[in-house]
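These notes open a run of structures that come right after.
Heads up, the next two complexes both have chain A, just with different partners, chain B and then chain C.
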Partner chain A sequence: MDIASARQSASGASIRISGLEKRFGAVSAVDGVDIDIAAGEFVALLGPSGSGKTTILMSVAGFEFPTSGTIHVDSEDLTYVPSNRRNLGMVFQNYTLFPHMSILDNVAFPLKMRGLRTAERHARAEAALATVRLAGYGYRRPNELSGGQQQRVALARAIVYQPRVLLMDEPLSALDKNLREDMQLEIKRLHAELGITVIFVTHDQSEALTMADRIAVLRDGKIQQIGPARQLYERPANLFTAGFIGEMNFVDVAVQSVGDDISVALPWGETWRLPATAAVEPVAAGEAAVLAVRPERLQFGAGSSGQVIAVTLSDIVYAGAALLLIGRLPDGTEMRARIPGASQLSSLAPGDVASFAIPPEAMLLYRGERQ
Partner chain B sequence: MKPPTDRGSLALAAYVYAVLAFIIVPLVIVIPMSFSQNDYLTFPPSGFTLKWYSEYFDSRQWRAATWLSVQVALLTALFASVIGTAATYAMIRGRSRLVTAFQILLIGPIIVPHIALAVGLYLFFQTIGLSGTIPGFVLAHTVLTLPFVVFTMAAALGKVDANLEAAAMSCGATRFQAFRLVTLPLVLPNLVSSALFAFIISFDEPVVSFFLSGVRQKTLPRRMFEDIEQNLTPVIPAIATLLIVLSILILLGAQVLRSRSVTRIASQ
Partner chain C sequence: MMEARRSHFWRSDGRRLSGLSTLLLLLPFFALVAFVFVYPILQLLVISILEPHPTSENYARVVENPVHMRVLLRTLWTATLVTALSVVLGFPVAYYMSRAKGTVAALVAVCVILPLWSSVLVRTAAWSFLFQRNGLINSALMSLGLTSQPFKLLYTQSAVVIAMTHVLLPFMILPIYGALRSIPSDYARAAAVLGATRLRTFLEVILPLSLPGVVSGSLLVFLTAIGFFITPALLGSPQEMMISTLVSKQIREVLDWPFAAALVGVLTVFVTLLAVIFSKTLRFDRLMGNAS
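Up next, the complex of A and B:
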């Protein structure tokens, strides 16, 4: 709040969100969310629209007050503190630069609110602009800058008073693809440079996977899974995450027995034995389950080890680094395979029956039926 | 090859010019009449004199009526623009369920016949002693002009991204600071333009003023009606001409302000 605290070191704060709940009338936008974020960590909140990710961010920012639950930054309880007294940096989706002020005054605005003198304000705003590589742009107006530049100015304004936490609400979704990738790197660089804690809301999974230390996947106001990108991708905790992150093949199976290994009946009559580790969720004999496999884990040809499937191909799509093969299993379930080193497969044509092997470690087993 | 003549667009052009003519003709008649040497309002005017203008400026009664109208219109412009802007802000940013009811109440004075409003205000103000007083005129005119402020400001405030204020608050501004430093500068041209409209509407408002005017406290429009009834001299077109000039200046000013604000907001 005062100048002294604005000058404190730029390292990040830890954030603890516990039991967060937000109801709008009968609708639960956020339904019992717990997230512990370490100081300096970069966490992405990922989910479809209406999943509650923005409401969580707005509760941390102080624009929404939760129905119940608490939000602590370091050890300070901020749950019901007004947004202007939280000292958190915030970047919005649509830049939100003040159109009637110069770039320099925009960036200096938080310092003005903290009572700094004009000279120091401008010096620090210039420095922040240099951090986002916009030195010398201070005397322009927001409408004289491109979208990417405006978002960098917004970033400079959010970090100029060295907040301990930076909140970002889909900051890149208004930018076109190339600019978005540049900005992803820019934000990663800033995060590494400043050591600030970042909460980043996005509906773009590749953005979340490439940028964040950990990703919280949300649906219907609940956390489905929280973990590093690799964990989310390689061992999704439930069917929703498995289908939401990346591409996934799903086959309905019936569990026959559970022991040292798990035997399941496939829809076309075969019975497979899967390693016990395949079961992500506990399954019981007699229950329905779903077998999940990533398309790039399928191996072409029957020679490799693992279970072999016969796929009647319907589409063969050349996708540069890999060949995408789309076809159907004997029972009609769709199956996709991404096979690198495509040249050897050039003789394949739609209607061919191709054999693929699924390595045991690539198989994941979930309770329930595919959606 | 000549492009084909479009009869439809010719007809439309003729129609538009006819409408413009009907609007402008009264002005074209009134202005020459204010310079007429005849002692009665007659058409066509004859000769040229400025005596009706000097009669207006020299008359203590006319000056008193004008001064009262100026005071009332200034205060009305001030109150209507401040209250109207605050009310519009509440309607646009607020989450209350009463917003619709509030909106209808604010716009009501446009729909209710002024004569009904005037009779009601007359009876009420008589009882509480506000009739014929400046506060009475200002109250009544503020109610009448609020809808115009609300319409103008709703259009302007609706274009200002609510996230701009959120951004200001995340920068450490209080809610009021966010309004004063971010939203207000963006809609200031519209605010001034709506105040100008409130001024001009109050300044030549006849119906309510007719009822509220006392024996001594008469607004300019009320005084003009009296003069029409009793004398009907060309002083009336002279004052009308002055009012036309004033209105045109104010409308031009409002238009300039409006175009400025549009470019400002559009550039965000």
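Up next, the complex of A and C:
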């Protein structure tokens, strides 16, 4: 079978994870997770360690059986099917190439398990190696390849039997930065070419944001938010996601009234009127709330529209594309601003008081208090 | 001078020891090996070809006398049997040990290692107690009604094989355990997700990767078994002698040193050949690569 026809015949499967729960003794590693993944979609599971993202992947792979809940792939219930009969592709963090086999035998291994004859499985393994641009490396041993090459072999081995789902467990975290970026593109390219459904576990948010169609943010075994990168970044659904994805400034406020707009009291005595759309979560008068603003949405100088804040600068960091200004609001709350192309600000020094304008559409309002 | 070297040795700055101090540290061990092992062996080999006069006669006696050849073959056969039994009995234990966690793992490890702390003599004596005509095994068989007459167990080759396997089993289990422990658990998972059944995973991945442990365990057991003395002497039949018993007899009773030396010579040749064959044909170091 040549690779062109392999590409055509392979396509992704849809995955439905519903009510997934996994307890280890008294600890809930996964606590009621529902995810619907469309055929051919690239979904990243993102969260700090212990958030349950790996346990979800292990349940889909069949290494863990959930305490309750189901996993369907294309309407087939795989919840308690053993791994070797799930026909899923998987790439592990540490390559897991079998050291006693040649590269070709490693890639041909799943075909051997499926009973293909030597000639055919070698031909298909060669073709798969060519897809990851490692044609001709078949007769080497895994330890003769670099980390990036080994991970590409692992990728070839995971797709050679045309699984409809590819699971990836932090596949790039063992690679150094440049290789990681190459591999991100490589995986994106393969995903586009093969149309395979991908579940990608990572703790690296920029990796998740750049690679995935949708990202599920997890904490303590629960999904905090699931959505495309833009939505997660521009309108995080709760305080955890707001703080976890990217940089965010938080200011504690008190809600005074809620109507066509929302008026909030700031800690230094000012009262601001925010558009009603600023409230991500419903807020009520008399309650505590948190105002969140991304550092790059702050505009230097008081001239523009929006609310104006005075920040006493403590650090001025030249960060290449942008200037990072760190300081404190009148009540002591820390505030960061990223000002692009700000060479005209070179006269600023620590101790100066700078004014920033916050556009109304940049303000997000959450219930509760800063963590 | 000595004082300076000592202080250098104890310095904790992480610097490498000089060649000379390394040599001094290793010298006692190698001196011991040279004086109590290499020298006596060479001396024996010299005796075997020079006494009573320069001759090949001593070796001719070993090879030409069918009784002596039988002793040699019996020794090799017994060692082979003990090795094979140790692999079969030891591998599952090593596998279980490599998977066990916490208290269970500690318990299994103690069960494996504890016998090593008691002397071979004690363990062999314990077996002779069990194997006696009225010993535990025979009385159990008889009270269960499996036999009316006690079996002859003591002073048989089977008793020797059983007891030697028991004594040498830890030397098989520990290297296999070491090899199994060094296999990352993700390999089994990878094999499973790629479509391998548990049996195929074991045969295609776990077993090949544990072979270096099996080979070094087998070498250890086989070579020790060839030279085993106490167990065959206490549990074996005088009609079915092993080579170490024969050598001891020649030295202590017959006082035929040149012939005993020739027996040792033949044994040495066998052992050396085996070691060379193993290290040349099974290049596991290259197979595994140095990265893993």
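Please note the rule applied: the second predicted complex is superposed on the first by the 363 of 371 C-alpha atoms of A that agree within 3 Å, B and C clash if a C-alpha of one lies under 4 Å from a C-alpha of the other, contacts with A are read in each partner's own complex, and residues count from 1 in each chain.
Operating definition for what follows: a contact is a pair of C-beta atoms (placed from the backbone, for glycine too) under 8 Å apart; a residue touches a chain by one contact, two chains touch by 3 or more.
Please read these numbers as outputs of a predicted model, since none were measured by experiment.
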item: Combined model on chain A: chain C and chain B, fit or clash; value: clash
item: Which of chain B and chain C A:315 touches, first, second, both or neither; value: neither
item: Partner chain in contact with A:34 - chain B first, chain C second, else both or neither; value: neither
item: Chain B versus chain C as contact partner of A:84, first or second or both or neither; value: both
item: Touched partner set for A:157, first chain B, second chain C, both or neither; value: both
item: Which of chain B and chain C A:120 touches, first, second, both or neither; value: neither
item: Chain C-contacting residues of chain A that also contact chain B; value: 61-63, 82-90, 92, 94, 96, 98-100, 109-110, 113-114, 141-143, 157-158, 161, 167
item: For the chain A and chain C complex, residues of the former touching the latter; value: 61-63, 82-90, 92, 94, 96, 98-100, 109-110, 112-114, 141-144, 157-158, 161, 167
item: Residue numbers on chain B that touch chain A, as the complex places them; value: 161, 163-164, 166-175, 177, 181-182, 185-186, 264-265, 267-268
item: List of chain C residues in touch with chain A within their complex; value: 184, 186-187, 189-197, 200, 204-205, 208-209, 287-292
item: Residue ranges of chain A touching chain B (in the complex, touch as defined); value: 1, 61-63, 82-90, 92, 94, 96-100, 109-110, 113-114, 141-143, 154, 157-158, 161, 167
